[in-house]
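By letter and in written order, the chains are A, B and C; residue numbering begins at 1 in each of them.
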Amino acid sequence: MPHRSALPPIITLTTDFGLHDSYVGVMKGVIMSICPHAQIIDITHSIAPQQIHAAVRVLAQAVPYFPPATIHLVVVDPEVGMATRQPIALETAQGRFVGPDNGLFGPVWQHGRSIGTVRGVHLNQPAFWLPHLSATFHGRDLFAPVAAHLANGVDLAVLGAALSAPHHLDLPTPTCTATAITGTIIAVDHFGNCISNITASMLDQLGARHTLRVTLGATLLHLPIRHTYADVPSGCAVAVISSDDALEVAIRAGHASHIYQIGVGTPVVVQVQP
Amino acid sequence: MPHRSALPPIITLTTDFGLHDSYVGVMKGVIMSICPHAQIIDITHSIAPQQIHAAVRVLAQAVPYFPPATIHLVVVDPEVGMATRQPIALETAQGRFVGPDNGLFGPVWQHGRSIGTVRGVHLNQPAFWLPHLSATFHGRDLFAPVAAHLANGVDLAVLGAALSAPHHLDLPTPTCTATAITGTIIAVDHFGNCISNITASMLDQLGARHTLRVTLGATLLHLPIRHTYADVPSGCAVAVISSDDALEVAIRAGHASHIYQIGVGTPVVVQVQP
Amino acid sequence: MPHRSALPPIITLTTDFGLHDSYVGVMKGVIMSICPHAQIIDITHSIAPQQIHAAVRVLAQAVPYFPPATIHLVVVDPEVGMATRQPIALETAQGRFVGPDNGLFGPVWQHGRSIGTVRGVHLNQPAFWLPHLSATFHGRDLFAPVAAHLANGVDLAVLGAALSAPHHLDLPTPTCTATAITGTIIAVDHFGNCISNITASMLDQLGARHTLRVTLGATLLHLPIRHTYADVPSGCAVAVISSDDALEVAIRAGHASHIYQIGVGTPVVVQVQP
């Protein structure tokens, strides 16, 4: 029997649908039709089309800041409509998750196991979907309805068959030696700041102090490590530790990605300034 | 007397205002000031400027998925401020609608008549608007207040004078012969998929089976008809039936509109592969 | 002790974060974790990066249309992480405000003083922030938590030390003579309409009637003053009074900024047509 607490259940949306079409609005309509008291929160709809890795990163950043009862609906689904791609739902101590089993949820599942018990199901109960399942829009026909039923208090176990573990995609990890770390730019944000997969603790192990010798693709930079952007003059490059604890190359009041012509996938080599 | 159910009333917004200015936020402020318990849902604010047809299509896609008590506020209003353009509100079995009478609501009215009773009013009661009516922002001064008063339970009949029918714009429809269908691309979505006005039932009547001979503007393509995008290899073109039941030309993991240089208005001729 | 009214508290968001990253979603998660019954409304996240003046203008347009109990969270914060940049919160008869003290709130404070009492604090009580304060994302770690605690009913005085006045940035103001007004384009909206800092009352003082002689940068235009865009034929230029009472140069069904190659900062000289 559905359970309703005094507080509205929260459903977040993360997709690669963009905001130009009706897709996102339609999913919200489906949710409101099934669970009219849901509170819907957009995380982002600007995941680059079909970029599962980018959605994994956004989830890792956002999920810890939401209440653990939150339902995270994630639709980045290049194999929508294929019989081999399973729709799933998961529950961890940090949240609930609904979407395609294509690697999106590997890290939240791993993290969930490290902090408590986890449950997962392969969604195979059409009674909880819209009556007609299209081939190309499971966000509307399957995932949104399931998220709304969860929000209504339906238990995960009723929605499908138990799943041992979701798919996991390996992310590139930096290689570290005594004198250098070789990593990759994994994201460029709205400000043009270039975020790498090199963590603050890797820099600590290298003994990085005041200035880094950073090779970004073909460009060699001698970058001061600073607390924040405004610690250098406008237009100057700077290395900071990003708000999710990674080495970030920025230009104060400038767009580092455009100016250095670097982007996701650009190799980054860090050496300590001799 | 205003009526309030236990569930918050839903007001959706569909505009061509974009998200860069304060326009959308201001309309939400007006709604919250009049009906603080409303739940506001954005459908899209990225209708191309003044493109009434595009808004009509978005409404047709989204409205059926919302609860019938929903109030749909639609502001694509190239004739804002003109005395000849009437502000209206409508009620059908599928929803309530507020916006300018420029053709936006023709299809929802027609559909509403086909499924039940309909009511419409010409909004002529300034008591339900903001005190000052600007010449260029009726979304703020007239339409948002009226939608909020409806959400508060004010009856449609109080808001204006009865209307016999809203304006209706004719949309281009395909021409079908025994051997060919000639239609048009009517939308390009965020993924670059090109959606035509040729429906699945037209293709059935043509006897289309496995492969279509499709002329897109000046380009002749032999397209496999498939269940979904991932049924062809990455980079390959495919014809699918879209989630709103129309012939759609896509490239798996590619942007068909850019690659074939086609867009809204490009003619599409479908012939069955001999 | 926190006070909760029957209506959900409203928190608006205005930032330069864009919608491509997780930043906005993360701030919403923080708010929902602290004040789960808050109603979050986006004003815009498309303030141009670090453009404090643009955010000031958006606030001036939007704040008057929200209920006075609304909490406006504004994060345009080029000096994030600097010790010299103070986080603040303000209360006026028109609303409450949370963000960096870099000039964002000068006008709302001035206006607040003109209509009633005002209060302000320098936010210096980490008990109301997230446990870890990053150097580059105070929107997440400090401002969102403070806004959520305000929404929970925490009094401003508990959150920090009293502030005499926030910083104020002077905006350029037009110069007026008996025969001409010299101003500036201060905004270009989504439609390409160019909004100046010349007000309707300045035009009245000049005795402007039917046609203006307007020099926009290097271009001289003879513009009819009309009630609304559609009062001229499609493709024609027109001067209207914008919905916030300023001289606006537009092209009906066209993009004036692109066509005249003008933008924010372009000088505007208005003379009455002889």
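Note that a residue touches a chain if its C-beta (ideal position, glycine included) is under 8 Å from a C-beta of that chain, and two chains touch if they have at least 3 such contacts.
Worth saying up front: this structure is predicted, and the values here are computed from it rather than measured.
Overlaying the C-alpha trace of subunit B on that of subunit C calls for a turn of 120°, given as a multiple of 5.
In the contact between subunit A and subunit B, the residue numbers used by both copies make up under half of all numbers at that interface.
Chain centres here are Cα means. That of subunit A falls 30 Å from that of subunit B. Counting only residues that touch two or more partner chains, subunit C has 19. Interface of subunit C with subunit B (complex): residues 7-8, 10, 12, 14, 19, 39, 41-46, 57-58, 61-63, 65-67, 70, 187, 189-191, 227-231, 240-243, 248, 253.
Those residues of subunit C whose C-beta lies close enough to touch subunit A in the complex are 16-26, 28-30, 32-33, 36-37, 40, 49-50, 78-82, 85, 134-137, 140-141.
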